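Naming follows writing order (A, B, C and D), and every chain is counted from residue 1.
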Amino acid sequence: MAIRILITGGTFDKEYDMLNGKLDFEETHVPEMLKLGRCTVDTEIRTLMMVDSLEMTDNDRELILHSCRSAAEDRILITHGTDTMALTAAYLAKEQLDKTIVITGAMIPYKFGSSDGFFNLGAALAFLQTLPHGVYVAMNGRYYNWDNVRKNKKTGYFEEINSTV
Amino acid sequence: MAIRILITGGTFDKEYDMLNGKLDFEETHVPEMLKLGRCTVDTEIRTLMMVDSLEMTDNDRELILHSCRSAAEDRILITHGTDTMALTAAYLAKEQLDKTIVITGAMIPYKFGSSDGFFNLGAALAFLQTLPHGVYVAMNGRYYNWDNVRKNKKTGYFEEINSTV
Amino acid sequence: MAIRILITGGTFDKEYDMLNGKLDFEETHVPEMLKLGRCTVDTEIRTLMMVDSLEMTDNDRELILHSCRSAAEDRILITHGTDTMALTAAYLAKEQLDKTIVITGAMIPYKFGSSDGFFNLGAALAFLQTLPHGVYVAMNGRYYNWDNVRKNKKTGYFEEINSTV
Amino acid sequence: MAIRILITGGTFDKEYDMLNGKLDFEETHVPEMLKLGRCTVDTEIRTLMMVDSLEMTDNDRELILHSCRSAAEDRILITHGTDTMALTAAYLAKEQLDKTIVITGAMIPYKFGSSDGFFNLGAALAFLQTLPHGVYVAMNGRYYNWDNVRKNKKTGYFEEINSTV
C-alpha cells in the first residue's frame, strides 16, 4: 500500500536560522523522521512548497489539488501549517477525489526538541492506511472530517465544530 | 471514544541508571508522551508491570488478558517489549474478545533521544480508533494481524510471516 | 568559590511560542542546565532582564554594571545575546572592578535541541574559576579579552580583532 | 593553542544497541560534540580505546601515558569512564610530564538526550586552556587535582578527599 507524501511547509518543518535569529525553512525533515520511526510503509515524497500556511494562496492550493489528483497513489499525506489546514482540507474536498487524503502538521517545529510533529506523523500515516476515501485533518492523536474541524487559536488544539459528544 | 492503555514495560520505557550503568525501569513515560503529542484522545492508563518482554511469563500474560477483558473500554493499547509482542498478541487473540487491541513498543528507549517510540505511539492510537475488533501489532508505521507477524531479530524490523506482496 | 550568575536573555533563553509562532522569552533555563550538567559549583542566580541584545539599552547595561559591582561574589557569569556581547563587555571593563566577569550565550536557543548553549555554559563556568580579574567573552570553547573580540556576523563565530596567530 | 584529545570510551560514548538491547561502543561522539558546540579551539583527536573504565587495565593506562608523553601538544584532554578516572589521573601524575592533562567524562551517555557530557566537555576544554601543568579531573563544572578527588559511588558526584571548605 503505497502512500504519496506532499510537503508544503508549516511549523512542522521550520528551523532556527542562527545568523538572523529568525525561523526559516530549509529542507523538509520528513525523510529523517520516517527513518527515525523505522517506518517500512512504502512512501513517495514530493516537496511542493515550503510556506507558512498563513501565506498560502489559492494558487498554492490549486497546486496541491493538482498533485493529489495526478498522484498514482490513492492515499496521500500532506504536511501543512496548522493555521489554514481546515481551509485546504475544504478546498481539496470539493473535488471529491476517490482518494484518502490526510493533512497533518505540528504546533512546534520538529527540530525544536519537544515537538508534537513526530507523534502526528505516526498517527497520520496510520489513519491513511485505515480510513475510507475522504479528506481529513489529523492532529492531537485524532482525525477530523474536513467539514467538521477548526483550530482553536487560543489553545492551539483542534476541535470539532459540531461536537457529537 | 475512550482508550484504555496498559503498560507492561519493554524497551519503550527503559531508562539509564547512572549509578550502576545499567538499563532499568522507573515510571512509564506514556503520560508525558501523550502531553508532548498534545493528544486529546480520552485515555485511561494502567501500569500492569514493568518487564523486559523476554522475561514475561504466562502469569504476566494472564494478567494482561484479564485486564483487557475487564476494562470498560473496548479499545485497548498495550505497550510491550518487542521480542515477544507476537506471542502476547496470539495469547490475547485466543480469547476472541469483542475489542480492538493494539500492541506497540519501541526498538530504542523513549528517553534516549532518537527513539521510534513516540512515532509508534501516535500510529498505535490511530490504528485503535479505526481498526475493527481484533488483536494487532503496530510497529514501523504499519499494523499486523496477530497471526501474521514476527520480529526479524537480525534487522529489528517487523514483517509478515506470509507476505501477500 | 561562589559564582554569581546574572541572566539578561539573548538567544540562549529564547523559546518557541506555539500560539503566535514567534520566538519569545519565558523563564531562564540556566537552573535546569546546571542540574543537567550535575554542576556542584556554588552559584547564585539573578534574572536582571530577558531581552534580545540588539534591544539592550545603556540603562540595561548600567543595571548589569551595578549588579556586578554590588554582588558579594567576585566571580560573575553573565548570559547575554551574542550581537552586543562585546559592547557590554567594554561597558563593564571601563569600571575596572576587582572581579572576574565572563559573558557567554548561544547561537541557537537551549530549548531547540541542537544548541551550543550547554557547552558554552560549562566552558564559561570553568573560565570563571581560573581566569584572573578582568572582563571576558566566552564563546566557541574559547575566551576573549573584552578589548579583543568581535562577532563575525557572516559566520556566527567569535574572533579576535587583532589575531596574534 | 592546540589541544590533543585522547578518547578512551566510558559512559560518555556509550550507545544503545537496538538488536541486543545492550549498551555498547561504536564511534566516539566527540567530533560531532565539538561541531555542535561551535568550538574553534584547535584540536587533534585520537581514539586510543573504547572501554568501560572498570575494565581498563594497566596496559591500557600505559598506552594513555605513552600517548600523553609523545603528543606534540602540551595540553591534553582525555575522555574516560567515571569509575576509575581518579586511578588513571594518579597513574599519569606519577610521570610528572610538563603538560596540562584534564580527564573528563559523563554520568549519562551523550546520545541519551539528557547527558552531562556536553557541559563537561565545554568545561574540560576551558580548564585545559587556563590551568598550569598538572593532572586534573574535570566533572560537575569543577576541576580536581589528581591527588584530591574521588567519585562518590552512592551519589554519582565527584568530591574532594580532603575538603578545605
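FYI, a contact is a pair of C-beta atoms (placed from the backbone, for glycine too) under 8 Å apart; a residue touches a chain by one contact, two chains touch by 3 or more.
Just so you know, these numbers come straight off a predicted model, no measurement behind them.
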Hop count on the shortest chain-contact route linking subunit A and subunit D comes to 2
Outermost chain relative to subunit B, judged by CA means, is C
When B-D and A-B are ranked by contacting C-beta pairs, first comes A-B
Chain centres from averaged Cα atoms put subunit B and subunit C apart, in whole Å, by 45
The distance between the C-alpha centres of subunit B and subunit D, rounded to whole Å, is 39
Subunit A and subunit B have mean C-alpha positions lying a whole-number Å distance apart equal to 26
Residues in subunit D with touches to at least two other chains are numbered 107, 114, 156
Contact graph of the chains (line, ring, star, complete, other): ring
Touching subunit B in the complex, subunit D uses residues 11, 16, 18-19, 21, 23, 52, 107-109, 111-114, 153-154, 156
The residues of subunit B that touch subunit A in their complex are 33-34, 36-41, 107, 114-116, 118-127, 129-131, 138-143, 156-158
